[in-house]
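Once you scroll down, you'll see the structures, which are given as structure tokens.
One chain, chain A, links the two complexes that follow: it is found with chain B in the first and with chain C in the second.
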Partner chain A sequence: MGTDRCAYLSRLRNVDPIPKVWFTLAVLLICVFADSVVVGLFTLAALSVLNIVVGGQRTGDLLHFLKVPLAFLIIGCLTIAIRPIGQAEALWAFRLLGRWRWGITAENLRLGLLVFCKAMGAVSAMYFLSLNTPMTDLTMALERLHVPKLFVELMELIYRFIFLLAGEAGRIKVAQESRLGYRGFRRSMHSMGELLSTVFVRSLHRGNRVFSALESRGYTGSLTTLPGQYTPGRWLYGLAAATAACQLLILIAERRLLP
Partner chain B sequence: MSYAIEVRSLTYTYADGTKALNGISFAAEAGKVTGILGSNGAGKSTLFLNMNGVLTPQGGEVLLDGQPVSYARRDLPELRRKVGVVFQDPDDQLFSADVYRDVSFGAVNLGLPESEVRRRVEDAMERTGITALRDKPTHALSYGQKKRVAIAGVLVMEPSVMILDEPTAGLDPQGVSDIMGLLQEIRDKLGITIILATHDMDIIPLYCDHVYLLSGGRMVSDGTPEDVFSHPEILRENHLRLPRIAHLMEILSDRDGVDVSRSAATISAARQEILRLLHEGR
Partner chain C sequence: MMKRSVCKRISLLAAVLALLTIPANAMHIAEGYLPVPWAFGWMAVCVPFVVAGFLSIKKKVALNPRAKVLLAMCGAFAFVLSALKIPSVTGSCSHPTGVGLGAILFGPAATVVLGLIVLLFQALLLAHGGLTTLGANVFSMAIVGPFVSYGLYVLLKKTGCKPALAVFAAAAMGDLATYVTTSIQLGVVYGNFLEYLSIFALTQIPLAIAEGILTVVVFNVLEKYAKEELRDLSVL
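And then the complex of A and B:
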């Protein structure tokens, strides 16, 4: 998990996760509901700068993570921009199979651009959370925000054991491959099925052992632990207010200037 | 001689009819390291889970500091606090992706106030040398580091007896001596009685004060390491062997007719024997 590696190195690693959650949520919601290209771009720029300056993330890492959703977004937004347009006035058009008129209208182009900018702004807000908050802190924060304990504990266990299962599956795959288990489609399907059932059976066994180990340490039905000491992050609320104010100002200015 | 924990003719049979423990008896002296030798499937894990109340014995009894242990529901937390078990595979024991939180689990379950939990966690991490790992996720640790975190997670409960299932399995030679050194320190500084299961014969003469040989759900032999190694045939019957040095002494004595002590099982004991022979030959 790449983002977790960054989160453990972040300057905000030891800051209370709850202000981080509220900060992200505020910026994210304004970005989504402002429905504006400029606010989207501003959010992308501002949160990227905050990620680097406040969070201490490396620019290269951040760009790498921002690239991840880019391919999906570009394809998604192109399909919004380029569509059947009937007789409408087009910036660019062509006839599909000589019959249907497809192309880009000013309206669709605006819509495509809007979706793209909004999404990138929202993604950068989410990255502020995930690049600066280790997963375990996040689940802890959810618990403090009164998400049902059952869900939180499940999330924690899944997050821990997903690495073990993935590692186990990886080792089984290598063992199968070294005996040519993935030669040809039929054999691949068969080997994959064996792999899945083996991982399933092993995780059942592991589940039993984990339960014994938990009981040995006094487990009585709840996985309560104590997190490391956080530094209070109340200043993040100030930062959230400032960022939100900028977003709203930009929104108002845009509405005024571009009727 | 006072025993920290004593097991008397304990029996346990699994629901599928497997008789895992068949009238097992043994005792671990307080403040000492007691080794339990046994091949795979000899019943070690079942024995340990019976000793800390995860499983309830079907026959026999367990004595802690001379008092019979109660397996009543309300007495189990105290039993589990006093008898800590470190599992063989640390991945079975570490359930949290956060090192600090995992170590805190046992102490939180004791219902201690937060400041006391924090003190114990810091102390246990300091002792096991994992303070620097607190800012790493569990899945980024090496196997040896996970073992240390698992030991710290048991130390926070401040047990009087600590049981370790194969503590050296899967470690490199440096890792083995580090972990064994750590266990000796825990015994000497904290006075915790240590019981360890192993089939690594070479660590027995170095670290154990007393050894039991477990086979087929029963103790078949016991004594100091020297006592046990003076009957190699019993070890071999039970899929074990002599430590390498003791084996060498056996061959020197049996085949070459050299007058060496067969109980020399460590490098320092062998050195003394060799020096003695050299002096006598002079």
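And then the complex of A and C:
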């Protein structure tokens, strides 16, 4: 599901997740704080290269995931760039329904472009974490970072159950579709409603069964597992420092050159 | 001159048609889209709700250890629900938010915490939403939507209106409240609130109606076949 398969195939799979978390947060926050087109583009390029070279991701996979947020970003950034402008000077303008003057001003175009580049940089930074860290490692890392235990356990259980329920929902959907259950709006609604309620009832049953199974094996309220065997990965801190330094240098250079 | 205006009309039509294909998961604000002060501001707004929800869950789990496993199942159900495609009135398919269903079944306190976890998973596993925008997304989808849904449901049930109508109204209004909140969150930053509102209205109003109908169907089936299981849920 999603980034999960890539995370298990990643070359960084056995590296301690905590340095990966700090690396991602550092690069991500600098990219968002910098508020600059060039830093955004640099982060996008640098993190994509790191994902491919260091993480061993396939280029096709990475491009596929980079396309996911595009739907939101293109719409979101077009609405920033194109908007009602009144009498302001515009690069391009038209009259909506013959009355309201809409268009692109230089200022809005710059803002739309900035948001787009910044967001793409930030997304690629987030992918460094999610494409190289399996979720189970991440939840264990959260526990080591003193996130409340109940919260972490809920995350672990939910993560496991997602796959159970998604498999079940998928099988029911295939069965319904093969019996023409999604022909027309009314019938689709009915089939979908039955699917959801069945999955829901079954998930409650399954929850009860899981609890009984746990209890019969001596469950006293918390699931403790051994941490994985990680390589320490301290070199990631160095990489983080280097990437952050590049980002900051680019930011300073940009501020100097383009007042 | 004539030709140009025809061209313009065609391009406008094309633009409107392109907007109709926005997937509904576009309601998740993407990573890096919000400026820093707003991103952290929304996180701060969410903190009291999340803490209150967490404490209430903790109390229930201490009373009944079975509740933890049930809650986790409910969270996974919410994730799977939002990954399914539902048929929409306009013919295109979109993803339900599950805001109304979750709030009515599990109550708003549990929904806040489960919503936070589900949104975190959606950001990391599916790249819907993001880490810095998690606060804004939690506020619109796990706080405002569920509270509106739950409040409306309880209110309508008290006034003695038909259960089906109460469920429909709660689910549809929860969806709309989520979409208005997201539009406000985007609008206050970039100063074009009405534009976001009208663009999202294209996908979200049909979706809200579809989700309302769907939630009613789900509740009818549950009432018929799963009365006992629903009673089980009252431990949550």
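Throughout what follows, the second predicted complex is superposed on the first by the 254 of 259 C-alpha atoms of A that agree within 3 Å, B and C clash if a C-alpha of one lies under 4 Å from a C-alpha of the other, contacts with A are read in each partner's own complex, and residues count from 1 in each chain.
Quick note on the criterion: a residue touches a chain if its C-beta (ideal position, glycine included) is under 8 Å from a C-beta of that chain, and two chains touch if they have at least 3 such contacts.
Only a predicted model underlies this, so the values are computations on that prediction, with no experimental measurement involved.
*Asks:* Which partner chains sit in contact with A:226 here, chain B, chain C, both or neither? Use first/second/both/neither.
*Replies:* first
*Asks:* If you stack the two complexes on chain A, which partner ends up touching A:136: first (chain B), second (chain C), both, or neither?
*Replies:* First partner only, chain B.
*Asks:* Considering only the touch criterion stated at the top, classify A:206 as touching first (chain B), second (chain C), both, or neither.
*Replies:* both
*Asks:* Who contacts more of chain A, chain B or chain C?
*Replies:* Comparing chain B with chain C, the partner touching more chain A residues is C.
*Asks:* Determine, under the contact definition given at the top, whether A:8 touches first (chain B), second (chain C), both, or neither.
*Replies:* first
*Asks:* Can A:217 be said to touch chain B (first), chain C (second), both, or neither?
*Replies:* Only chain B; A:217 stays clear of chain C.
*Asks:* With the two structures laid over each other on chain A, which partner does A:164 touch: chain B (first), chain C (second), both, or neither?
*Replies:* A:164: touches chain B and chain C.
*Asks:* Looking at chain A, which of its residues have contacts with both chain B and chain C?
*Replies:* Correct list for chain A: 4, 135, 157, 159-160, 164, 206, 210, 214, 219.
*Asks:* Tell me, which parts of chain A touch chain C in their complex?
*Replies:* Touch list, chain A to chain C: 1-4, 25, 28-29, 31-33, 35, 40, 65, 68-69, 71-73, 75-76, 79-80, 83-84, 94, 111, 115, 118-123, 126-127, 129-130, 135, 138, 148, 150-151, 153-155, 157-162, 164-166, 169, 173, 182, 185, 188-190, 192-201, 203-208, 210-211, 214, 219, 221.
*Asks:* Which residues of chain A touch chain B in the complex?
*Replies:* 4-5, 8, 13, 134-137, 140, 156-157, 159-160, 163-164, 206, 209-210, 212-220, 223-229
*Asks:* Within their complex, state which residues of chain C touch chain A.
*Replies:* Checking each residue of chain C against chain A gives 8, 12, 19, 22-23, 25-26, 28-33, 35-36, 39, 54, 57-58, 61, 65-66, 68-77, 79-81, 83-84, 86-87, 89, 101, 105, 113-114, 117-118, 120-121, 123-128, 130-132, 186, 190, 192, 195-196, 199, 210, 213-214, 216-218, 220-222, 225-226, 229, 232-233.
*Asks:* Under the definition above, what is the set of chain B residues touching chain A in their complex?
*Replies:* 49, 52, 54, 77, 80-81, 84-85, 87, 89, 91-98, 100-102, 104-110, 114, 117-118, 121, 134-140, 153-154, 157
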